[in-house]
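Next, two complexes with chain A in common: one pairs it with chain B, the other with chain C.
On to the complex of A and B.
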């Protein structure tokens, strides 16, 4: 026997959580673009999508977020801090790769300096992930040591039932248990069979790639120039990555009052590293693509013991010139052979 | 993980408010400002944390923040001095600020010069142009406890006489008999009454030929000067482990999150900005 949530009860669950003062978010499509949005009922959820186009990170690390309001007076500066949370949240219908990405970035945002903007939202959110029974040609979680039913970063894991009428429910954290207890009367016990997980083929040998990347001899290899020649530096792959976390800090307003904001930035842009003098440590697109790959699979893992890629495949799926992490790592695998 | 750990809820992006108490024009477009903390608690936190070599984010609300070193030494930590060249939006705003105006400071961040490891040694300071400020912070830290060090030599060069910064301090160091000051300007940058050297820093350094034995070198300057000066130091017999320098990459957060200052796996903001030449050599040179 296992705990089950039938699809027919989902609407009532959402209503119950909302009555309890929680906001409910999930995958939904608006204007043809799918992403995580607040929903009022189960009908607004798009749970059949392989993946939303934008990622879960936007709920924790918004594209732009006000950090400090300022007002300049005579001999004083008044500031107002805009630290979240905006409220407690249930995020329902996350894919395991997106949830794992949040755990990856926890390490970065807690690295000596604790980023309250990230963690207040993390601490006030409960992530309900749904194991994947379907995937597409770009999915590659298994190449990164993850799986369609990985539990990293999730508070509750739901396994779709074979009959397609609900999910088997597994609480993974105390936060997950608490969120389930408020809907306990809507959960059932039963022996319904779960659906088979999707089969995601392994696309490259990650350890071989990591060895190649770790060899200083390869840093100036011609490979980098060749693999990145068609990159147009648009930054889409970074914005659509569940773990890319780079940001800029900009003031919006004048010298009397305004708002200091944290905005998404991207290592794909030449201005990202440009010095005042005009010197640019990463002056070419190939140097910037190398940085992106090295950061994900070498630097980040050296520091935090986890790769900064969870295999969602969005970088490849959405790239306007059909590049992406997959192609690069497949090519490195080939070099290794 | 380290002493920098902030408690949950404390806003790590919130700067301290600073009073501008003095300004000095150093060279065309280059200015020094002395800043004092408005909040005594912020001053106490700074005094606890600040060590020579660290940097900060200096800002004006409405314009943004810019990264420079703290140019004043740890031995004089009641205030902060910064020296900058007017070149972008933030520095233009800072350059037009006046005594009595308010600005902001976030920091101090980064690592430090291990000055106590220099005790008993001869010191060689080498700086080019606008890179004297980080060097000056170490120079005063050592001059303020002069008896702990051996011979002190300072080699400083700029493109022209007008571009030399801290002219008053250069005069002061020149007069001291416990400091050997070697000043130079690039060929063509001299004035008719210039009585010091003419030539590029690496050449002048080789002519001055300070002994490498029991000596630590601190070298700050533009990348091209660093490259050639390191070669000269090598010729003079300096080991890379005994040469210190600072890297000054573009930064936005200063605390290891915004993702742009790394050279290889090294985050300049957290593991630097102070490195030995040996540490710099181990970095991927193409990304410097």
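On to the complex of A and C.
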């Protein structure tokens, strides 16, 4: 026997959570583009998508957010600190790779500085992931040591039932248990069979890639130019990546008043490393692509003992010139042999 | 011989004879329906070239890669007519010399891909002139008609909603062959002309600024719309600006490399007495 949530009860669950003062978010499509948005009922959820176009990270690390306001008067300077709203949230229908991305970034945002903006939202959110029964040609969680039913970063894991009428429910954290207790009357006990998980083939040998990347000899390899010659530096791969986390601090306003904001930034942009002198240590697009790969699979892995990639495949799926992490790591795997 | 075979052997000839140092074309992608830009420098690799109806990307932007044309050698590029027009504009704007570019021209019509006659930008003049006439009689896009029928207020909220999805990745700019500025105005921060934040104002500023800067220069190749990860219908903006430029000045961008840029030239008989 296991705890089950039938799809038919989902609407009532959402209503219950909302009555309790929680906001409910989930995958939904607006203007033809899928992402995580607040929903009022189950009908607005798009749970059949393999993956949303934009990622879960936007709910924790918005593309722009105010941090500080300032106003300079004749006598005094006033400042105002913007703290993200405290509202508690349920995020329903996350894919395991996106949830795992949260855990990757937890390490970063708690490294030399505890990022209150990130953790305030983390602490007030409960992530309900749904194991994958479908995947597409770009999915590659298994190449990164994850799986269609990984539990990393999730508070509750839902396993779709074979009959397609609901999910088997597994609480993974205390936050998850609490969120489930408020809907306990809507959960059932039963022995319904779970649906088989999707089969995601392993696309490269990650350890071999990491060894190649860690070898200083390869830093200046011609490989980098060849593999990234067509990159146009558009940054889509970073902005749509669940783990890419670079940001820029910008002051907007004039001498007397304004707002300091935290905005997304990307290592694909030439401006990212441009010095005031005009010198750019990453002068070419291939140097920038090398940085993206090195950061994810070498530097980040060494520092935090986890790769900064969960295999969602978006960088390939969305690249206008059909590049991506997959091709590069596949090519490195072959170099190894 | 299929058009793909025809161009593969032409590319081989061009590379073996040393006429060109590189062929920029399309190759297979990571899934059967995807194509990717490829850069072929050896005659032994021309089998990697693919030409079919999935080859949509305008490749002219790659010609401006740092140093590529600085040795005066020639490069061959696969181009449809929009691509040739963008090549003409780049030449008109002094970004390259057409003498260094050999055109491998093609046209996609439905399922059909055909070769265009000629190999130099100037060879396509009459085809471009015909395209200009054809554009005049082109029926408006369905959504375009809907937009025209709206009140300015409704139209503004339509675009506000569209731009609200913009994530300020600048993929539209990076993908656009006409966006060749080494330093885009949004990348300047002394002074900061445009807000870099992706909030309503910043997004609106960015998208309108780009649309204006592309007026009379856009060849409607679609690179920007295809690259936009937020699926913003940028082509509608571009089309509207192109209609305006064609209607007001009879200007069809990219006719030839001698064409004056419509918004950067002045005539004494201009009805406006001042630069708008």
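In the analysis below, the second predicted complex is superposed on the first by the 335 of 337 C-alpha atoms of A that agree within 3 Å, B and C clash if a C-alpha of one lies under 4 Å from a C-alpha of the other, contacts with A are read in each partner's own complex, and residues count from 1 in each chain.
Definition applied: a contact is a pair of C-beta atoms (placed from the backbone, for glycine too) under 8 Å apart; a residue touches a chain by one contact, two chains touch by 3 or more.
Only a predicted model underlies this, so the values are computations on that prediction, with no experimental measurement involved.
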Winner on chain A touched-residue count between chain B and chain C: chain B
Quick check on the superposed pair: does A:247 touch chain B, chain C, both, or neither? Answer first, second, both or neither.
first
Margin query: Just to be sure I read the superposition right, which of the two partners does A:192 touch: chain B = first, chain C = second, or both, or neither?
Written below: neither
Could you say whether A:137 touches chain B, chain C, both of them, or neither, answering first, second, both or neither? second
Based on the superposed arrangement, let me know which partner A:220 touches: chain B (first), chain C (second), both, or neither? first
For this session: For A:53, decide between first (touching chain B), second (touching chain C), both and neither.
Result: second
### Message
Output check: A:261 vs chain B and chain C. Expected answer is one of first, second, both, neither. What do you get?
### Response
second
Point to revise | chain B versus chain C as contact partner of A:233, first or second or both or neither | key: second
### Query
Is A:38 in contact with chain B, with chain C, with both, or with neither (first, second, both, neither)?
neither
After superposition on chain A, the chain A residues reached by both chain B and chain C are 248, 250
The answer for chain A against chain C in the complex is residues 30-33, 53-54, 63-64, 137-138, 229-230, 232-236, 239-240, 248, 250, 252, 261, 263-264, 266, 269, 271, 284, 316, 318, 320-324, 326-327
Residue positions on chain B within touch of chain A in the complex are 1-2, 4-14, 17, 38, 60-65, 85, 87-88, 91, 93, 102, 104, 222-223, 248-250, 252-253, 255-265, 270, 284, 286-288
As the complex stands, chain C meets chain A at residues 29-31, 34-39, 57, 61-62, 66, 161-162, 165, 167-171, 174-175, 187, 192, 195-199, 202, 223, 226-227, 229-231
Note: in the complex, chain A contacts chain B through residues 67-68, 70, 72, 75-77, 79, 81, 83, 108-109, 111-117, 119-120, 216, 219-220, 245-251, 253-256, 258, 260, 262, 265, 267, 272-277, 279, 281-282, 287, 291, 294-295, 298-299, 302-303
